[in-house]
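Handing you a structure now.
We call the chains A, B and C, going by the order they appear; numbering starts again at 1 in every chain.
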Amino acid sequence: MIWLKNAWYVAGFKHELDGDNFVARRFLGTAVVMMRNSDGKVAALRDMCPHRLLPLSAGRRVGDELECGYHGMRFDVSGACTLAPGQTNIPKQACVKSFPLEEKHGLLWIWMGDAERADPELIPDIRWNDHPDWTPSRGYHHIKADFRLSVDNLMDLGHESWVHLRTIGQGEEEVIPNYPVKVSIEGEGLVRAHREMPNIEAPPFFAMVLNHEGRINRWQTAISLAPSICMTDFGVYPVGTSADGAYRSHVLHLLTPETETTTHYFWSVARNQRLDDEKLTEDICKAIAQTFDEDAVVLELQQKQVEAEGGPVPRLALRVDEAPIRARRVLDALIQKEKEDPDFVYRPQLMIEDVTPELAMS
Amino acid sequence: MIWLKNAWYVAGFKHELDGDNFVARRFLGTAVVMMRNSDGKVAALRDMCPHRLLPLSAGRRVGDELECGYHGMRFDVSGACTLAPGQTNIPKQACVKSFPLEEKHGLLWIWMGDAERADPELIPDIRWNDHPDWTPSRGYHHIKADFRLSVDNLMDLGHESWVHLRTIGQGEEEVIPNYPVKVSIEGEGLVRAHREMPNIEAPPFFAMVLNHEGRINRWQTAISLAPSICMTDFGVYPVGTSADGAYRSHVLHLLTPETETTTHYFWSVARNQRLDDEKLTEDICKAIAQTFDEDAVVLELQQKQVEAEGGPVPRLALRVDEAPIRARRVLDALIQKEKEDPDFVYRPQLMIEDVTPELAMS
Amino acid sequence: MIWLKNAWYVAGFKHELDGDNFVARRFLGTAVVMMRNSDGKVAALRDMCPHRLLPLSAGRRVGDELECGYHGMRFDVSGACTLAPGQTNIPKQACVKSFPLEEKHGLLWIWMGDAERADPELIPDIRWNDHPDWTPSRGYHHIKADFRLSVDNLMDLGHESWVHLRTIGQGEEEVIPNYPVKVSIEGEGLVRAHREMPNIEAPPFFAMVLNHEGRINRWQTAISLAPSICMTDFGVYPVGTSADGAYRSHVLHLLTPETETTTHYFWSVARNQRLDDEKLTEDICKAIAQTFDEDAVVLELQQKQVEAEGGPVPRLALRVDEAPIRARRVLDALIQKEKEDPDFVYRPQLMIEDVTPELAMS
């Protein structure tokens, strides 16, 4: 098993359940259908009729119930059957498993493990997706790769210099891995990798957001929070100005395993400046979508290679692999604990503040 | 093994072998090629050259023989090799298995089991496809599902109220499973499920065939005849008129397993009124094709679910499942008998007459 | 294992590595990337970065090195890493396997086995692809079949009468298998099958190359040289003229296994007449491409049948199978020797001369 079961996973954006609809999506290998009740509460059910196995999402919504498209069995959001065709008594096995589903920070969070342990307090604080001081640009990518390859990718931002030259990567003499990175582990689930790049040329994306063509200072902090959330905290400011005025973003990479070889990648790029500039919001969406398209190509190639060749990745540990390897070990340790200790519950802590990090560069 | 081997299966419509052609089709997992001899007799061979395994259907027909497209070996309709390239003596292994193929009721019937037991008298009497008192509308669907899911579907006509609202299903207050069904087993292979629906609104298909918009009486008798033929006998007539004048159809569902997960579905909808109305014949074809397209969507979804989730279906038995479950048991018992008793031969009996059934409704 | 490991296989045409490019191709199941150094030497590396497994061919060429597209690791043509991102010391495991690659007769030759045994003197003499007395028409087919099915096909030219009637096959009364074939084995790897067809009608291809419509004499010698090269030596000349003036071709069928079920088919049809007729060169390309398209249809059908039905082919040995069966036995014996004797190295000898064969026909 490559997944931590007792944990909140991002199931989508809150707005996806606006209106009288439902959303079908697979998480950790299990097909789920989600909807918002007329009383405003969100709910998630196993997406399979207990009778003849049809996906409920192949049927229709009737009020606050889902009706199977084969025989009209209806289920409320608790998974209880409210109507069985041609009979008044409802067999007690006629129910659908429900999953805890919560809303927080503008997101939907699902708990695929033991429902009794699903404490909403355990949802990590990633407030920047939905906070008045930050403006998000949001999107979604479906990645045909194990989510751990995405975490590797996000914890090693050095790859930007080869994969993302058209948007965010430094090229030539200033390739990112040449700047030292400091890796730390915090709590039982968080790995942080911080790097500063003083006095560099601005890659196209940063020139755009700063509206500035000259040389800049740049920092990037890659954070992974087990089991599968990453966050890139970056700041950029023109050389000669103060870091306090930096253009900052919290880039939320909300990864949720769909299957062992595919991943939902919800993302939100929250910025601290030009908050009302809608064109900028849209331009960031486009640039980040392009950037993550570039990652998808690499990740999907890598997935195929891993499937064909087997064995662990990386095969060969470079310095750039320190943070990804630590993040994998942190997750493996949690999965091991969950397996061994029936009372164990992982309490994720995102110990990050909105203050500018202490920078070594001026 | 999910198939009864010693039985006649429908291999196609008789008219498919008109002319100087051949038809390649897989039955019970085995590729077969069929043709009509110049003396009018039909024949079926294993569709594989015994030399280098090419399908004979990838070659050509030469008179009453099939010629392999690789080296020109020729086989007559008994499967004997009549010509081997570059040699005058023909090796005795150079022959192709032939299968008994018969014509009856406008259909082709193939026997995939022990050829010595292939008694044409065992072909069931489904005369309505080819009878002067009945006019058929015919068609074919290729279903990507186990044929038993189709039998389930056809023995439980209650699903019409959800799957076929646009053609034959009653909706809203008159959903079909609300009308009681009487299930009986006849002989060793036949299950019958009879239901009457007095004084209902006419679904679009019945309004069309009756040319009548008001309320109607309707009956439906679903019959399964092991191993894989179903028949729906339905009648409709305006409220206030006599059942003796009912518009009736014998809907023949001629299912033949192609593989364990795919099914040939030949169908013929024979009616007893407006026999010469060719536009009606065509309109019925269209409406029924649409109806069976709707079934195909459900069946193919269900097949995928069964493959992914495993286990028996239904998982949960509702009242609507009585007839399908009995039909499965009848088939399973026959397969078991065939396995255990080397002398056993199943003798299908379609004990249905063209008289109006005794109806409880007026 | 169906492959002889210690042997030279054709990896492509020499001209494919002209310029500042690289070519990625799979041989014997292993992905390889090939390039020509700036000093003119060709080289082949395993197409996989030792770090995160990305194909090197998904990166780019930088001078004489390949750069991985994920983290910019660079490898020279020996497979040594010359640059690792973010570090000055290069881990010693950071290297890529290289394969011996040679150029001879206008072709690239790769050795996938034990590199120490890769003696360029073992490359077979197939000079006609690149010789002033012969003009080649060249092409490539990707065949979705085991290369041994192609060898079968090429050692049994009788199939031309059914597969290639539009180009090179005799039809009707003159079907090729009716002419006797003489099969001989030479050395440890070569099988030869010679057939003469006096006074026959000229199939379209031969009428074109001879620019002659009347009856002709034709010979064909099919040669297989283990592990996977075939050559068809044919000659045609008008009846009443001398064989010494025959239009001859050496048709080189340079088969290299890509996987167990797919084959690279490089081909070169070298002729001894009208050497400077560029339109003829092009017309031969077109006719042969069409001919091999016809073979591909048969071979791919056969591959599917072999996968579905299992077992050896042919199932049934006809006279036309003598040469293919002998060629398979020769290859099997070499593979067996390679397995049993660690010191064994196969020395292919193509004992063919450019003299007209001794013909029985006038």
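By our rule, a residue touches a chain if its C-beta (ideal position, glycine included) is under 8 Å from a C-beta of that chain, and two chains touch if they have at least 3 such contacts.
Note that the structure is predicted; figures quoted are calculated from it, not measured.
*Asks:* Do the two copies subunit A and subunit B share over half of their interface residue numbers, or under half; same or different?
*Replies:* The interface is built from different residue numbers on each side, given that under half of them are used by both copies.
*Asks:* What rotation angle takes the CA atoms of subunit B onto those of subunit C? Round to the nearest 5 degrees.
*Replies:* Roughly 120 degrees of rotation.
*Asks:* What's the distance between the Cα centroids of subunit A and subunit B, rounded to whole Å?
*Replies:* Computed from C-alpha means, the inter-chain centre distance equals 50 Å.
*Asks:* In subunit A, what residues contact two or more other chains?
*Replies:* Correct list: empty.
*Asks:* Contact residues on subunit B for subunit C in the complex?
*Replies:* Listed in rising order, the residues of subunit B that touch subunit C are 48, 50-55, 58-59, 67-73, 84-87, 91, 93-94.
*Asks:* Report the residues of subunit B in contact with subunit A in the complex, numbered from low to high.
*Replies:* 152, 156, 158-159, 161-163, 175-178, 297-298, 301-302, 305-306, 309, 313-320
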